[in-house]
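My questions will all concern the structure given below.
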Amino acid sequence: MNDGVLAPVPCAIEIRGLTKSFGEHHALRGIDLQVSKGECLVIFGPNGAGKTTLVKIMSTLVKPSSGGVWLDGMHIRDKPAQIRRKISLVSHETFLYDDLTVYENLKFYGKMYDVADLEQKIHDVISWVQLESRRYDRIGTLSRGQQQRVSIARGVLHNPSILFLDEPEVGLDPHASTVIRDMLGGLNTGGRTVVMTTHNLERGLELGDRIIILDRGRIVYQAAKHKIDKANFQQVYDQYTGTGM
Amino acid sequence: MNKSFVKVLTVFRKDILAELRTREIVVSVLVFALLVLVIFSFAFDMGAGMGETVAPGILWVALTFGGVIGFNRIFAMEKENSRLEGLMLCPVDRAVIYWGKLAGSFTFMLAVAVIITPVFLVLFNLPLLLPRLALVIVLTVIGFAAVGTLFSALAINTRARDIMLPILFLPIVVPVIVAAVKATAPVLAGAPWADMLTWLQVIIAFDIIYLVVATLVFEFVIEE
Amino acid sequence: MNIKRSLRNNGLLELGFVLMIAALYMVFLYVPTEKHTGIVQRIFYFHVPVAWVSFLAFFVTFIFSILYLSKREMKWDAIACASAEAGVIFTTLVLITGPIWGKPVWGIWWTWDARLTTSLVLWLIYVAYLLVRGFATEPARGARFSAVVGIVGFIDVPLVFLTVNLWRTQHPTTIIFEGGLTTPMLVTLLVCIAAFTVLYVLLTIQSANLKSLDTALKRLKSMHTG
């Protein structure tokens, strides 16, 4: 169901009254959220809080049960192809084809997104993720951390204005995790809006302009970064989610 | 729309490329179809001179059950690494995804048929050069692929994905199996065109109807 | 829920009751025994209506599947599913009464004629419809997938019939009756068709209501505990 009303303020993302149920399981119970252009929003929350569901709805993979979602002023139901051109999702699953090379994977997605100057762009992103030497290697031969870097490359290949990251550092060893972290920092540039979910409080606080905590399908806490006491945030988190992590 | 056509080809090329590297679909379907051929030949005691009567049926049973194995893989391969989500994120009509995967599944099935049919003809001591048989096979594989690709996408999203595909696929393709067998018999017997014309028309009608229906209905299968 | 809740209000239950009594009377007492095949022929008065209903039920499933996919309201899915469940029961009856009638009359249990074969394939499609719901990971998916099966399957039924018919015209067909239907036979048949149709409608509405209530109950429960 959609409100039928255009978002009044041109934010990058506007969500009103969003709910989502899977049968009897209520994953999201009423979310209202606004994300400004160029902002980096970080979403914390325990397992089952609804973080992945929220990101999947925002990235058009899943439809809401009720409520409205607008991306760049457009309702997600209205012009799906146009919206999808401008957004991207990087998740802990890579969306890559193991038997194809890095280059072939990027070429495939580049063509699906009608990326102009594709060869040049592929070259650029591969350099940015520092995998020039593995360009013609099959994804299956890369380490998990390297695969995730290719996935990020895939994510930014078409230069999306909104980038969603769903626990991108999950399953990575510490070294790979650090490499990814440095890259994540570079994603929120050029006016690109970033929404990231993560379990890692420290990293999230480093990267985010604004933090929200999701618990059992609701936003239980919101704050801008400069208002947060990083040292004590763990306590704040535990308090609002009523759980230890 | 030119753009859509290019994207259909892009999806198709991706599948062909992956299959050329691993050959997993074609080889598994081929081996299975061959086994079916052989088992059915034993089951029908091929020495007893019934060859011509049951031969068309045996060929199509082998291709049908091989198809069931193959179509399962078409979308099952997109479940790994959540590739299907990657596809859904792309700014394409859902029908483009269907046609891209359809092109792939048609090609793989045809490849299997091209290899299996000469084996079949040899086993049954039939002439090898049968262009009319090629026509029947191509037309029928189109119908198989139209239905199989659709139900493959459906079956992988259920809890019993391997069982679900044959249960959905087989009843629906009954008309085209009957028509294929009836069109094959005259070819093997060297009978005139007229004997198979009606059956070819049935297969073509089935193909057109299901290509249209599947195109319309695919987005409901793949999108919530 | 817009589905009629109380059947007592619109007299359908009474009508069904009356029709069924009338049908039973007519089949067993009123209509004379058929000359050629004897008492067994009375099964015809059950076989034909039940076959008619089995196809009607699938048509209903087809229509409501389309409705569900366009409107996505669970009540349409409830009717589609209820109709499919009724349909599979009626189709099973077709497949049972057919051979029971056939064996004493023609000496064979089964013939691959167009009607019986189509009923068999229809049964398989119904089963596929219900299995998809059973194997779905959540109810909304089950509804969506089975709606697709309902649509694709329905289109298949005439194709099966035509193809098998074409196939069978190359073989001798079994003749149902010599001579046509006399007036008492025709009237009996029509009453039976009416009786079974009303029975089907009653079953489907009841079943659909139950499903809607069940969905509503589950929703209330989960909102309360959530």
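Each chain carries a letter (A, B and C) given by its place in the written order, and its residues are counted from 1.
Everything that follows uses one rule, which is that contacts are C-beta pairs under 8 Å (C-beta built on N, C-alpha and C of every residue); 3 or more make two chains touch, one makes a residue touch a chain.
Keep in mind that this is a model prediction, so the values were computed, not measured.
Student: Quick one: most central chain, C-alpha centroids?
Tutor: B
Student: When the contacting C-beta pairs are counted for B-C and for A-C, which pair yields the higher total?
Tutor: B-C
Student: Compute the distance, rounded to whole Å, between the mean C-alpha positions of chain A and chain B.
Tutor: For chain A versus chain B, the centre distance works out to 39 Å.
Student: Roughly how far is chain B from chain C, going centre to centre by Cα mean, in whole Å?
Tutor: That gives a centre separation of 31 Å.
Student: Could you give the separation in Å between the centres of chain A and chain C, each centre being the mean of its C-alpha atoms?
Tutor: So the centre of chain A lies 50 Å away from the centre of chain C.
Student: Show the residues in chain C shared as contacts by 2 or more other chains, in ascending order.
Tutor: Residues 140 of chain C touch two or more partner chains.
Student: Which parts of chain B, given as residue numbers and ranges, touch two or more other chains?
Tutor: Where chain B meets two or more other chains at a single residue, that happens at 224.
Student: Which stretch or stretches of chain A touch chain B in the complex?
Tutor: Result: residues 59-63, 80-85, 87-89, 91, 93-100, 104, 108-109, 111-114, 138, 154 of chain A touch chain B.
Student: What does chain C use to touch chain A in their complex?
Tutor: Counting only chain C, the residues touching chain A are 138-140, 218-219, 221-223, 226.
Student: In their shared complex, at which residues does chain A touch chain C?
Tutor: Going through chain A, the ones touching chain C are 21-26, 29.
Student: Going by the contact rule set out above, which residues of chain C touch chain B in the complex?
Tutor: Per the stated touch rule, the residues are 69, 121, 124-125, 127-128, 131-132, 135-137, 140-141, 144-145, 147-149, 151-153, 155-156, 159-160, 162-164, 166-167.
Student: Any idea which chain B residues touch chain C in the complex?
Tutor: On the chain B side, the touching residues are 147, 150, 154, 157-160, 163-164, 167-168, 170-172, 174-175, 178-179, 182, 198-199, 202, 205-206, 209-210, 213-214, 217, 220-221, 224.
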